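Two complexes, one shared chain (subunit A), two partners (subunit B, subunit C).
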Partner chain A sequence: MRDAIVIAGHHLRRIVRTPGLILILMAIPLTIAGIEYAAFGGAAAEGKLPPIKVLILDEDKTFVSSAVPQIFAGGPMKDFFEVATVLNLPAARRMFQRGDASAVVRVPKGFQDALLEGKDVALDLYKNPTQTFSPDIVESVLEMMATIANGLYARAKEPIARIKALADADQEPATADIAAISVGFYLAGRSLGRLDGLDDLSVEVERQGGEKSEGPMRGPNPSEFFGTIFPGLVIFALLFISQALAFRLLRDRMRGLQRRLAITPASHGSILAGGILYLVAGLLVLLVVLGLIGSLVFRIELREPLALLVLGLGLVAFAAGLQLAIVAVARNDRGAGAVSSIIVMVMSVLGGTFVPAEQYPPFLKSVAISLPNGAAQQGLVDVLVHKQGLLDLGPSVLTVWLWALAALVAATWIERRRLVR
Partner chain B sequence: MRGALLIAWNDLKLAFREPAWLFWIFVGPLLFTTFFGILFGPRPAPGISLVNHDAGDYVARVLTLILDQDKIEVRSETAVGTKGFTLEIPEGAAKALAAGEAVKLVLHTPDEDETDAERRLRFRVEKALVSTFLLANPGDVSPDTATETIRHRLAENQAISVRQADIGVKRREITRGFQRSVPSYLVMFVLINLLVSGAGIAEERASGRLRRLFIAPLSKADIVAGKLLSRVAIGWIQAAWMLATGKLLFKIQWAEHPWVFLGFITLYAIAAASLGLLLGTLFDDPDKCASAAIWSVVILSPLGGLWWPLEAVGSTMRTIGHLVPTGWAMEAVNSMLAYGAGAKEVAPYAAAFVVLAAASLALAAKRLRP
Partner chain C sequence: MASTAIEVSNLRKKFGDLEALRGISFAVRAGEIYGLLGPNGAGKSTTIGVLCGLVKPDAGTARLNGLDVVQSAVEARRSLGVVPQEVALYTELSARDNLTFFGRLYGLGGADLSKRVDDALALVSLSERSKEPIERYSGGMLRRLNIAAGVLHKPSVILLDEPTVGLDPQTRASILDLVRSIAAGGAAVVYTTHYLDEAERLCQRVGIIDHGAILAEGTLAELRRAAGEREIVALRGTFRPDRVPAAFARAEDAQIIKANEEELLLSLGSGGAERQLSSLLALATEVGEIREVAVKQPSLENLFIKLTGRELRE
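What follows is the complex of A and B.
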C-alpha cells in the first residue's frame, strides 16, 4: 500500500508542477456556466423571456388599424413584447435576417372599411423563419386577440351595419334607426362588460402525482439556476480531465517508465493501485475545487456534504476505471484519445450534459439516468436544487457506483494482464 | 506550388488514417445533428380526451368543435386515464359560462414536467374556452342547441382572421429539428476540427518533423500554403458530408443559390483553418493547443447562437452574437437557407471572413518556426 501511495504521490506532483492543461480543461465548465447565466440567468430568475419584438406594418392607417399595435403594447402583454412600426416588407426582412424581430403583423389597406361593411378580413402574419418559439408566441397572442375581437364584433355587427347603410344611402337617421343602433351598441357594450369574466376562466394543469400548477411559475434564483446546470458541466469536464490524467500513464508506458517501475521491488498490484489512487485522488481534488469555485462564484449552496461525497467519489471512481481501461488496451495515445473522446462525447450527449434530461422523450430520459454521468448529474441536482438527502438518492447512487465498480474491475483485470505480459 | 500540394496531400492522408479525425469529421457531427435534430424536431399535435362532468354536453361540443378547427383530435372518455392528455369539464360549466362566472377546466398531463406539447395544447384549450365564453349567450347555452347551430355561429364569429404569409421567399421553417441542427453543427464542427488541427502544428514542432520540413527544398510560403490547404480540404470534406447527409437523410431545405452557399462555406473553412494555424504557432504543447481550441469553440458556439437560438437571450448577448465569427457564419447560413439570400446579401459576412483569414494567416506565417 505504501508503494502505491508513493507512486500516486509522484504522479500527482507532476500534475502540480505542470498544471496548464488541467487548468484549461477546468475553465471549460466555468466558462459555459458563465455564458449560460448571461444568456438565460436573468430571464430564468424573472420567470419570463426577453421581450419579443413585433413589427407592425400599417397599410390602412385608420382608427381601427391603429388599435392593432395595442394587442402587444397594452395591457398585460406589454412586458412580453416590444412593438415597432416598419415601413415595408423589405425593411422587415432585413431585420429578420439579423434576428432583430420575430414577426411582422400587416394590417392591409381597407381593413377598417371591410369591418364596417361586415366583410371578413385578415391580418397578415409574417413569422421570422430563423427563430424558434418567439414567432409562435406572437401567433398565439394574435389568434387569441382575434378570437376575443371576433366575439365582440359579432355583437356589434348589426348596429355597425345599420350605420354603414345609413352612411352609404346618405340619409338622416330616423328615430327608429337611432333606437335600434343604440340598443345594438348597448348589447355589445354589455358583452364588452363580460370581458371581465375572462379573468375567471382558467385551465389548471394537474400532473401525475397530483402536483398542480396554474399559470406561469417564477423561475429559479441564480443559485438554483447554477445548481441545475453546473453539475452536468463539471461532470463533462471531469471526464475529459480524467482522460488527460490517464494519458500521462499511457505516455509513461510508451516511454518505458512503467517497465522501469515494474523491475523495482514494487509489486504489480502496487503499481496498479498507484495508478488508480493517482486518478481517483487527483479527480476528487479537482471535483472539490470545482465545487468550491461553483459555491464562491455562482453561489451554489453546497449542502448535504455526505451525499455529495458519495456521488462524487462514485463518479471519479468510474472516470478513473474507464480511462484506465482505455489506456490499458490502447497501443498509443492517438488510439486512446479517439476511443476516449468518442465514449465521453456519446455519454455526455445521452446523459443530459448539454440539454437537461427532463426535456428528453421518455425513452431517452431513462437512458440518461441509466448512464453514470446522467445518474450522477441527476443526483447532484437533486441534492443542490431539490434539497434531497443521501437516503433519497438511492437509484442515482446505486447506478453511479455499479458503473464505477464495473469500470474499476474491468480496468484492473485488463491492466493486470498487461502488466504480467 | 507543387511543394504545397505535396504537403497538403500528405497531411490529408495522415489525417484520414487517424481514427479520431475520422470520428470527428464524419461520425461525431452526424451523432450531434441526429440527436439534437430529433430532440428539437417538430412533434405532431397530441390528441386529448374529454371527460364531461357537466349536466349537459353544450360546453363539450363547443370545445370539441373549436379544438377540431385547430386540428386537435378530441376523444370522449368517462374517466381520467393515465396515458395522454385529458381535459375535465366541471359540473355547472355551461351555466357558469352563460352567467359570466368563473370556470376552471383541469388538464391532466402524463408528464412530470412541463413539455412543449403541453404548452401548445394548453394554449389551444385556453383559446377554445375563451371562444366558448364569448359565444355563450345565456339563452343559447343549452343541451338542446344543435351542433350545426353552434358550428354556424362559430363560422359567423370569424370576421377577423390571422393569415400566415411569406416574406420574400416561400416560407422555410429552418429552426425546427434538422433544419437547425445541420447548419449549426456544420459551423461548430468545421470550426472545432480546424482549430484543433493547430495541435498538429505544435505536435510536428515537438517531434521535429516541422524542422525536417524546413530544411527540405521548400519555401516557407509552400509550407504555410500546404498546411492551410490540407486543413481547408478537411473542412470542406466535412461540410460536404454534413450537407449531403442533411439533404439525403434529413431532407433539409437547400439554399436558393448553391454556389454562393458553397463559396461561403469555403471562405469560412479558410478562415477557420487560418485561425487553427495561428493557434498551432502559439503553443508548444499539442495537448494544451487542442484544449485551448476546444475552449475557444466552447465560448464561440453559444455566443454565436449555435447551441441555442439567439432570440432566447437578452439584447446584450444578442449584440455579442453579431460580433463573433460563429454569429456571422450562422446569420449568413440562415439568410441563405431561410430567405434565399444571394451573393449581395452575404457579402458583408464573407468580407468579414476574408479579413479574419488574411489577418490570422499573415500572423501564423510570421510566427511559424521549426
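What follows is the complex of A and C.
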C-alpha cells in the first residue's frame, strides 16, 4: 500500500507541475454554464427567467379579439410572457430586428364574426427569425390554447348562438339571457373535462421516483436551474479529464517508464493500485473543486454531502476504470484517444448531458439512467434539485457503482496480463 | 574468488511461433562486467526481461544472489538495478525529483534517501543542474541520469541494456568509465550491446548471443583464441552461390563462412589475406561480379561473423 501511495502521490505532483490541459478541461462546464448564466442574466439569479415578449396585432378590435392577449398575459402564463400591442406588421418586424420581441400574433379582421357564425378562423403567428427557442415556446402555447378553445367552442354552441342572436338583433342582453349564456359556458367547460376553471389551470409534473409536485407554474430558481444543467456538464468534463489523466500513464508506458516501475521492488499490484488511486484521488479533488465553484458562482446548494460523495466517488471510480482499461489495451495515445472520445461522446449523448434525459422517450430514458454517467447525473439532480437524500438514490447509486466495479475489474485484469508477458 | 551474483540456467521462452530464448545459460560474479553481445533480435532484451521479472520464462531458471526471479520476484528486484535502453525518466520533473521518487520505491527515505540522491547525482556529474526540469538536459546528460536512477539504491546486480545507443564517442566513453567505476564497487554488471568495441573495452567476459542462444562465451583472450587468429575477407557484389564451393576449393586455407547472391565471407589463416587476396579475387570473378572488398583483422568481430555468418550491425 505504501508503494501505491508513493506512486499515486508522484503522479498527482506531476499534474500540479503541468496542469495546463486539466485546467482547460475543467473550464468546459464552467464556460457552458456561464454562457447560459450570461444568456439569462440577472433574471435567473432573481429566481425567474426573463419573460418572452409577444406582440398582438389586433385588426378586429372586438370584444372577442380583445381577449386574445389574455392567452399570454393572464392566468398561469403571466410570469413567462410580456404582452404588447403593435399597430402593423412593419412595426413588428422592426422590433424583431432590434430583438425587442419574439413573435407577433395577428388577430384578423372579422375574427369575432367568424367565431360567432361558426366559420373557420385562424390567428396568424409570425415568429422572430433571429431567435430560436422563444418563438417556438410562443407557438406551443398558442397551439395549446387553440386546442382548448376549439374544445370549448364545440361544446358551447348554444350560448354562442344566443350571443349571435342578440348581436344580430342589436339587442341588449336581459338578465335571463346573461344567466343562460353563463350557464351554457359553464356546462360546456364542465363537459370539456377537468378544466373546471381556466383561471385555476395547474400543471402537474411527475418527477423521477414517483414524487409529484402540483401547483401553479413558476419560474425556476437559480439553484434549481443550474442544479439541473451543471451536473451533466461536470460529468462530461470529468470523463474527458479522466482521459487526459490516464493518457499520462499511457505516454509513460510508451516511454518505458512503466517498465521501469515494474522492475522496482514495488509489486505489480501496487503499481496498478497506484494508477487507480492517482486517477480516483485526482478526479475526486477536481470534482469537489468544480462543485465548490458551482456553489459559489451558480448558487447551487450543495446539500446531502454524503449522497454527493457516494455518487461522486462511484463516478470517478468508473471514469478511472474505463480510461485505465482503454489505456491498457491501446498501442498508442492516438488510438486510445479516438476510442475514448467516441465512448465518452456516445455516453454523454445517451446519458443526457446535452438534453435532459427527462425529455427522452421512454426507451431512451431507460437507456440513459442505466448508463453510469446518466445514473450519476440523475442522482445528482435528485439531490441538488429534488432534495432527495442518499436513501432515495438507491437505483442511481447501484447503477453507478456496478459500472465502476466492472470497469475497475476489467482494467485490472487487462493491465495485469500486460505487465508480465 | 568472488561469489556468483547472477545465475542463468537453460532459459527458454517462446512468443507465439518465435523462439526468443533457446536454452540460455551464463553466470556473472560480483565485480565482474559480463557483455552480452548480439545483433538486434538476438535475445538480449528478452534475457534482460527475464532477469527483471518482466518476462516469464517457459523453462529454465534465473537467480539473482540466489533468489529465483520468478518465485521471489519482489525480493530479487531489491538487489537489482536496471538501466534501460530508452531514457525512462519523468521529463517534467527535476533530476533530484526523479531520483527521489525511484529511491522511495526501493524503500529509501529521509536523510538516507537524500544522501543517496546526492551521491548518485555526483556520480553522474549532474549535481549543479539537479533542480531544473530534465526536459532541458542534453541527450548525454539524460543518459547519465538514466544510469543514476538505476544505481541509486546501490544494487549488487546491475543490468545495462545498450546504454550508449545513439551517443557521440565522447559521451560513450564517459558512460563506459561510469560503468567501470560501478563494477569496481563490487556490483555484478551485465552489459548488453551490439558495439563490439565497447565489449572489448569494457567486459571481462563476453557471451555472443544470436537467435536466442549463446554461441560462444569466455574471456576476450579465450574468444580470440576461438576465432583462431583468422582474418575475414568480405566480398560484396553479385554472385552465383552454387558455383562458390567448387571455385574456392582451389584456394589455400580458405573457409567459406557465408555465400549468397550478394555476399561472400571467407575465413583465412593469419596473414592469408595479404598473401592470397589477388588469387581470391580472381576466383571470385569466376563466380560473379565484385563491387566491394573488405579485410577484417582477427578480432571479436571476426569470431562473431564466424559464429553467426553476419555482422553485428545487421
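Miscellaneous remarks
Note that in this section the second predicted complex is superposed on the first by the 244 of 421 C-alpha atoms of A that agree within 3 Å, B and C clash if a C-alpha of one lies under 4 Å from a C-alpha of the other, contacts with A are read in each partner's own complex, and residues count from 1 in each chain.
Note that a contact is a pair of C-beta atoms (placed from the backbone, for glycine too) under 8 Å apart; a residue touches a chain by one contact, two chains touch by 3 or more.
Since the structure is predicted, the reported quantities are computational estimates derived from the model, not experimental observations.
In the superposition on chain A, A:115 contacts subunit B only, with no contact to subunit C. Using the contact criterion defined above for the overlaid structures, shared-chain residue A:225 touches neither subunit B nor subunit C, since it reaches no partner. Of the two partner chains placed by the overlay, only subunit B lies in contact with A:149; subunit C stays clear of it. Contacts of A:341 after superposition: subunit B is touched, whereas subunit C is not reached. Look at A:257: by the touch rule set out above, it reaches subunit C but stays clear of subunit B.
Between subunit B and subunit C, B contacts the larger number of subunit A residues.
Looking at the shared chain after the overlay, A:123 reaches subunit B, while subunit C stays out of its contact range. Residues 20-21, 24-25, 27-28, 31-32, 35-36, 38-40, 42-43, 49-50, 52, 89-90, 92-93, 96-99, 102, 104, 106, 115, 118-134, 139-140, 142-144, 146-154, 157, 191, 194, 196-198, 200-209, 211, 213, 244, 247, 334-335, 337-339, 341-342, 345-346, 349-350, 354-355, 358-361, 364 of subunit A are the ones that touch subunit B when the two sit in their complex. Touching subunit A in their complex are the following residues of subunit B: 18-20, 23-24, 27-28, 31-32, 35-36, 39-40, 82, 100-115, 118, 122-123, 125-127, 129-131, 133-135, 156-168, 171-176, 180, 285, 287-288, 291-292, 294-295, 298-299, 302-303, 305, 307-318, 321-322, 331, 334-335, 338-339, 341, 345. Residues 3, 6-7, 10, 13-14, 17-18, 252, 255-257, 259-267, 419-421 of subunit A touch subunit C in their complex.
Residues 15, 49, 52-56, 74-75, 77-78, 80, 82, 84-90, 92-93, 97, 101-102, 104-107, 149 of subunit C are the ones touching subunit A in the complex.
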